[in-house]
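Okay, so here's the structure we're looking at.
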Amino acid sequence: MNPVNYLYLAALLFAIGATGVLIRRNAIVVFMCIELMLNACNLAFVAFSRLHGNLDGQIIAFFTMVVAAAEVVVGLAIIVSLFRSRHSASVDDASLMKL
Amino acid sequence: MENLIALLVAAPLLGAAVLLCGGRRLDRVGHWLGTLLAAASFVVGAVLFADMLGRGAEERTLSQHLFSWIPVEGFQADVAFQLDQLSMTFVLLITGVGTLIHIYSIGYMEHDERRRRFFGYLNLFLAAMLILVLADNYLLLYVGWEGVGLASYLLIGFWQHKPSAATAAKKAFLVNRVGDMGLSIAIMLMFTTFGTFAFGPVLEATGETSEGKLTAIGLMLLLAACGKSAQVPLQSWLGDAMEGPTPVSALIHAATMVTAGVYLIVRSGAIFNGAPDAQLVVTVVGAVTLLFGAIVGCAKDDIKKALAGSTMSQIGYMILAAGLGPIGYVFAIMHLVTHGFFKAGLFLGAGSVMHGMNDEVDMRKYGGLRKYMPVTFVTFGLGYLAIIGFPGLSGFFSKDKIIEAAFAKGGAEGWILGSVALLGAAITAFYMTRVMIMTFFGEERWRHRATASPDQPSAEPAAETHGEHDEPHPHESPRSMTIPMIVLAFGSVFAGGFFSIGDRFMHWLEPVTRHDHGHSPLSAATVTGATMVVLIIGVALAYVQYGRRPVPVTAPRGSLLTRAARRDLLQDDFNHVVLVRGGEHLTRSLVYVDHTLVDGVVNGTAASVGGLSGRLRKMQNGYARSYAVSMFGGVAVLIAATLLMRAV
Amino acid sequence: MSFPLLTATAVLPAVGAIATAAVPAARRTAAKWLALLVSLATLALAVTVLVRFDPDGARYQLTESRSWIAEFGVRYELGVDGIGVALIALTALLIPFIVLAGWHDADPLETKSSRWRPTQGFFALILAVEAMVIISFAATDVFLFYIFFEAMLIPMYFLIGGFGDRAHSGTDENASAQRSYAAVKFLLYNLVGGLIMLAAVIGLYVVAGNFSLQEITEARANGTLEMATSTERWLFLGFFFAFAVKAPLWPLHTWLPNAMGESTAPVAVLITAVVDKVGTFAMLRFCLGLFPEASKWATPVILVLALISIVYGALLAVGQRDIKRLVAYASISHFGFIILGIFAMTSQGQSGATLYMVNHGLSTAALMLVAGFLISRRGSRLIADYGGVQKVAPVLAGTFLIGGLATLSLPGLAPFVSEFLVLVGAFARYPVVGIIATIGIVLAALYTLVLYQRTMTGPVKPEVSAMPDLRARELLVVAPLIALLIGLGVYPKPLTDLVNPAVKHTMSDVQQKDPKPDVEAAK
Amino acid sequence: MTELAAYTTSTGEAVQFWVLGTVAVIGALCTILMKKAVHSALCLAGTMIILAVFYLANGAYFLGIVQVVVYTGAIMMLFLFVVMLVGVTAADSLKETIKGQRWLAGLCGFGFAVLLFAGIGNASVNEFAGMGKANAGGNVEGLAESIFTKYVFAFEITGALLITATVGAMVLTHRERTERAKTQREMSEARVRSNHLPPLPAPGVYARHNAVDIAGLLPDGTPSELTVNKTLRERGQIRDVSNEALDDLRALEQRSADRLERSPKTEEASK
C-alpha cells in the first residue's frame, strides 16, 4: 500500500469535518468538527514528515496540537459564557449580523 | 418704375397688418381702408401696365431686387420680384377682381361684427397672391403659395363657430399642404439639379439636364398645382370650401387662387416642354378633372357647390391646355382670365340671390326669381352665357380655342383629349342651364315652404341672426353689391372678344410663354361647329329635364350616378375611410406602442433591476453558517482554480 | 486679458439665483422683480456678446482660459463661435419671457401653507439653469462642458418635480405622483446618458491627453492625433448617446412628454427650448468636431432615427389628448429635423439646423406659453375641455394660431427658413431622406390645425364662455416672440451671417464638401 | 521498525490502515451526524485514538502518545465536561432551518474532498523517504533536538499562547460578584423569613426513584419543583414523574390486594 493513502484519509476527514461545521447548529459539535479538521491536518503533516524523511512535519503537528489545545480552552470558555447568557448553544441564535 | 412693384404687394400687406392688429377702434373704417388699399394696388398695377405697353415686346420684363432673403453657403434665396406680361395679366386680374369683391363685401358683410377682420384677411390674400405671381424665384413663389393657402384657410373658416366651416378650412389647408409638399420637393430637385431656383437660370438651364429630372420636377409641380387648383386627385377640398362667405368663394375659389396651379405650370413651361411624359400626365389630369367637375356640378342642389363643380371643371380645361405645351399656354391663361370674370360674376350673383333669399342655398327652393332681382338675373345670365360658350361672349373664344388646341395636339391623344373637352362643353351647358332654370325660372318654389329642411344647413350665420323661417322676401341687393356684378358682367361679355380679335392676347403673352399653332386635324370652323352642336344638345337636355316639368322641392333619389355625383363621386368617402379612419387607427396604435413598448422597455429594465437586488438582499440572512458555506465554496473554487492553473 | 464677458454673462444669473433664493419669504414679489431684472441684465450682457462677436473673425472668440485642475489638464476654457453666440442669445432672450410667464405659477396655493418658499426657489432655479446653460454653450473644454451639462439636471429636476402644473386631471395625490414620476424619469434618462458620456470623456482624455476642444480638433485636423477607428467610434457613441437623450432622439424620447406635460408651461419651455438645445448644439460642436470619421460612419443610422423621430413624433402629436403632451411630441418631431440637418453634412443642412434651434426655441415658446395661459384659465390640459375660445378670447386665439403656424413652419415665419434649409440640405445628399422628411410638413399641419380647431373654433363651451382675453403681462410675453418670429422669417440674414462661418468650420472639421448641382457637375 | 518501507508499506500496516481507516471515517461521520453532543464527542474520541495509532504507524511515536494523552485525554474530557454543563441529554434536532444550507454544505464538502483528492493524485507522491534516518537517534530525541534548537522561538511563543489562553478562559468564564457576599447571619435570617425553614426536600423521596432529576412527590402526589437541583431546573431537564409514579402506586396496591385476597367488595362487606 502506498502511504499516500494517509493523505487521502486526511483529506476525507478534513472534508467531513468541514461539512460538519457547516451543517451543525450546536456550537460544541461545531467545535468538535473543527478539532476533527485539525487532526486531519496533523495526520497529513505526519504523513508528510514520513514522505520527506525528516521530523519537521511532526513538529508542526506538535505545534498544531498545542495551538488546538489553547484554542479549545478559549473556545469552550466562550461557549460556556454564551450558554450562560442565552441558555442555548446554537450558533443560529447569534444571527446578529443581519440588522 | 421697378420700385413700384413692391408697392403692389406693400399696399394690401399694410392693410392686412393694420386691420388685423388695429383692434376694435378700426371697426367703423376698416372695410373702407381695406377696399382703398386694394384699389390702390390696382391703380399701381394699371400704371405699371400702361408703362409696360409703352415698351417693346421684348423689354417689357421688369424686375426688382429687394433684399437677400436666405443667404447660405451655396444657397441664395432672394426676395425679388419680376413683372412680365404673364405676371402683369395676373396682377390686373387679382387686383381688379379683388377690388370689385372688396366693394361687394362691404354690402355683403354688413351685418357681421367681424367685418374688419374679414377685410384684413382679404387684404392678406391679395398680398400673398401678388407675391405668388410676382416672385422671381420658386422659393418666394412658395411663400405666396402657402400665404394664399393661409388666407383661404382663414376665410373659409371665417365663421369659425360653425364646426362645418372650421372642418372645411382645415381640410382645405391640409389638402393644399399635400400639394405644397410636391412644390417643396420640386424646389429641392431644382436646387440639386441647377443649384438655384430662380426662374431665369432654371428655365434657361433646362436644356442641360436629363429628361428624367425634368419629368420628376414637372410631376412634383403638377402635384402642387393639383392641390392648389383642386384637380383630381386633390380636388376634394373645393366643394367644402364653399362654407366660406360667398365673396371669398368668388375671389379665391373661383377667380384667382385656384388658378395659381395653372400659373405655376405655364410659368414652368420650359420644364414641361422638356418632359413630354409630365405634360401627358398634366393633360390627363386636366381632362379627368374637367369631366369630374362637370358631373359633380350636374348633381349638386346647393348653388354654390354646383358652381364649385363648374370651377373645378373649367380649371380642368386650363390645366389641359397648359399640358398641351406651347400650343395651349396662351389659351390656358386666356381662359383663366375670362373665367375669372364670369365665374366671379356667377358667384357674386349666387351670393346676391342667397342674400335676398335668407341665405338659402338649395336651388330646389328657388325658382322664378328673375322678376324679383332683375340686375342679378341679367348679370348672372350673361355669366351663364359666357361660361357655356355662347357665341360672341368670352367663354366662347377661350374655351373654343382650348378645344381646338386639344385636337391640335395631334395623334390619338389629340382626338381623345379633344373629344373629352367637347363632352365637357356639353355637360357644362347642361348643368349651367340647370342652375339657371332652377334659380330664375319655373314656379316660385320658395312660397308656402314650411321650414328649412334640416339636411340643408343654411350656409351663413345670418340665418341665425334673422333666421325666421317663414317665406323669404326676395329683393334686389344694395348698390355696393350690384355694381361689381355689372362690371364683371361686362368683363364676361367682352373680354373674350377683346382678347381674341387679332390675337391680341396671344401677341401679348407670346414673349413669355412662346406659342406655336399645332397642326389641327380639324379646321377651326369644324371645331366651332361641333362645339355649337354639343352646346345646343346640352342646353336642350337641361331644358327638357328642368324647364318642361316642375322641379321637386326635395331632391328625388336619382340614379346611381347622380347619387355618387352628389357625394363628389365618393371621393370624400374614400378619403374618409382610407385616410381619416386609417390615420386615426395608426396614431392610436402608435400612442399605445409608445406607451407600452418604447416606454415599457425602460420601465421593465428598472423593475427587473429592483427585483434582482431584492433577491440578492435575501442572501444576506445573517446566519454565520451560510456565510461559512460561501467562504468554503470560495476556497474550493480557489483550489480548483489553482489546480487548473497547474494542470494547464 | 480683457474683461471676461462670457464668464460675466454666466455668473450674473448664478449670483442672481442665490440672491433671489435669499429673499425673505414675505417679500415674494420682490423676488420676482429681482429675478426679472437679473434676467434682463443677462440679456443685456448677451447682446453685448452678440455685438462684440465678429462673424468673420477667428473661429472662437471672446475666449478665456484659466488653469483649473492642472493634474488632468482640465482648464476653464470659454469661447464662442457663431452657433454658440446665437444660442446664448436665444437663452438669454427666452429667460425673461419665461420668468414673466411664470409670474404667478409658483405662488403658494391658498389651500396648503408650507413653510418652504416655493416662489423664491422657482425663480432662483430658473436663473441657475440659465447660468449653467450659458456656460455649456460657451465651454470649449470638454470636461468643463460635461460638468455643467450634468449639473443642469439638478435644478431642472426640482423645477419639474417641485412646481407641477396646477391644471391636472385627478386628485392632488396622483398628480404629485405623476409629477415625481416625470421628474425621476427625466433625471434617470439624462443621468444614464451623462454617465456613459463621462466614460467617453475619460476615454477621450486617455487618448488625447487633454480636454481642450480646440487643441484636439486641430490635432485631429492636421493628423497629429491619430485615433484607432474602433476607439473613435466608441467615444463618439458615448458622446452621442448622452446628446441623443438630451435632444431627445427616438427611441430615447419618452421622458420629454412626461416632463413637459407635468411641469408648468414656462418650465416646459425651459426644457424644450433651452435645455434640450444643449444636446443638439453639443452634437454639432463635439460629436462632429472631435470625431469626424465616426460621425460620418454613424450618419446613416442617425439619419434613419431622425426620420423616425420626425414622422413618429408628428403622428403621436396627432394622437394626443393633452395640449402640452401634443406640443412635446411636436418638439420631438422638430428635434428630428434638427438632427437631420446636423448629420446631413451639408452647409445648408447645418446652417438650417442651427437656425432651427433658435427658431424652434421661439416658436415653441410662443405656442407653449400661450397654451399655458389658456390652460391656466380653464384649469385643464385636455383638448376636449375647450371649444370656441376664439369667440371669447380672439387675441389669445390669434396668438395661439400664429404660434401654431410657426410650428407648422409657414413661410414668412422664422421656422420655415430653417426647416426648408434642413430639407434642402438633407435632400442634396440623400434625396430619399429629404422626401420622407417632407411628410413631416403635412403631419405638422395636421396636428397644429386639429389642435386649433378643437380648442378655438366651433360653438363656445359653457366652461370657457367667461374666459378673459390675454392680459397686459401675457401680451408682453407673447408679442415680442411673435414679432421675432415674423422678423426672422422675413429677414433672417443677420442670423445666417452669424452662423455661416461657424458652419464652414464645422464642414471643414468633417472634411465634407457640398454636393455639386448636376448642371455644374456636368460642366 | 527502523526501515519503514520507502514507497510501499508492510501488509500489516495496509490491513491496519484499511480497517482502522474505515472505522475512523465512520467515527468522523458519526461525529457530525449524532443527535446528542455526547455521542458526537465519543465518536470523535474514537477517531482520535485511531489517528494516534496511525501516528505511531507513521513512526511519530511521540505524537501518537501526545495525541492520546492531550487530545483524547484532556481535550475530549474538556469537551465532555462542557457537554455536561450544557446538558447531556439535550438532543438538538438535525432539522435544517436555513433553506438549502444542507445541500450546499454537502456539495461543498464533497467537492472539496474531490478537489483535495485530485490535488494529491496530481502531486503523484510515491517516493517516500521513510522515517528510518530521521528516527535513527530516537524519535523523541530528534523532536526535542529540533524543537529546542531550530524551533525554540516558536516553542516559547506557544508557551506564551497557552498562558494567554488560560488567562482568557478564566476571564471569560469568571463572573463578577456584584453584591457583597452574605454573612452566615444574614443567610439564616433570610432563611427564617422565607417559608422554607427546613432544608429543601430531597428529590424523589416519596417516589420509587432517587435520581436527581426526578421531582419528589408531595403528600398529595403532586411533584415539587423544589426538590430538584437548580441547574437541572434551569435546563428544564426535570423528568415529570407524577403520572408514572401514580401508575406505579396503583399497580402496587393492586398487587397487595391480590396477595391478601382482599377485594374492595369484601372490604365493603366487612365494614
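Before moving on, here are some points about what is shown:
By written order: A, B, C and D. Residues from 1 in each chain.
Heads up, the rule we're going with is that a residue touches a chain if its C-beta (ideal position, glycine included) is under 8 Å from a C-beta of that chain, and two chains touch if they have at least 3 such contacts.
All values derive from a computational prediction rather than experimental measurement.
Within the contact network of the assembly, the step distance from chain A to chain B comes to 1. Legend note: the chain whose CA centroid lies nearest the centroid of all displayed protein CA atoms is C.
The mean-CA centres of chain C and chain D are about 80 angstrom from one another, to the nearest whole unit.
Taking each chain's centre as the average of its CA atoms, chain B and chain D sit 108 Å apart.
Averaging Cα coordinates per chain places chain A and chain C 70 Å apart. Inter-chain spacing, taken between the CA centroids of chain B and chain C, is 37 Å. Within chain B, contacts with two or more other chains are made by residues 621, 623, 625, 629, 632. Across the assembly, chain D contributes 98, 101, 104-105, 108-109, 112, 116 as residues in contact with two or more other chains. Across the assembly, chain C contributes no residue that touches 2 or more other chains.
Across the whole structure, chains are in contact as follows: A-B, A-D, B-C, B-D. Interface residues of chain C facing chain B in the complex, by the touch rule stated above, are 188-189, 250-251, 253-254, 312, 315-316, 318-320, 347-348, 351-352, 388, 390-391, 398, 405, 410-412, 416-417, 420-421, 423-424, 427-428, 431, 434-435, 438-439, 441-442, 445-446, 449-450, 453, 456-460, 490-493, 496-497, 500, 503-504, 507, 514-520, 522.
On the side of chain B, the complex with chain D involves touching residues 621, 623, 625-626, 629, 632-633, 635-636, 639-640, 643, 646-647. By the touch rule above, chain A contacts chain D in their complex via residues 1-9, 11-20, 22-26, 28-29, 31-33, 35-36, 39, 42-43, 46-47, 49-56, 58-59, 61-63, 65-74, 76-81, 83-84, 87, 89-90, 92.
By the touch rule above, chain A contacts chain B in their complex via residues 18, 21-23, 25, 91-92, 94-98. By the touch criterion stated above, chain B contacts chain A in their complex at residues 620-625, 627-629, 632.
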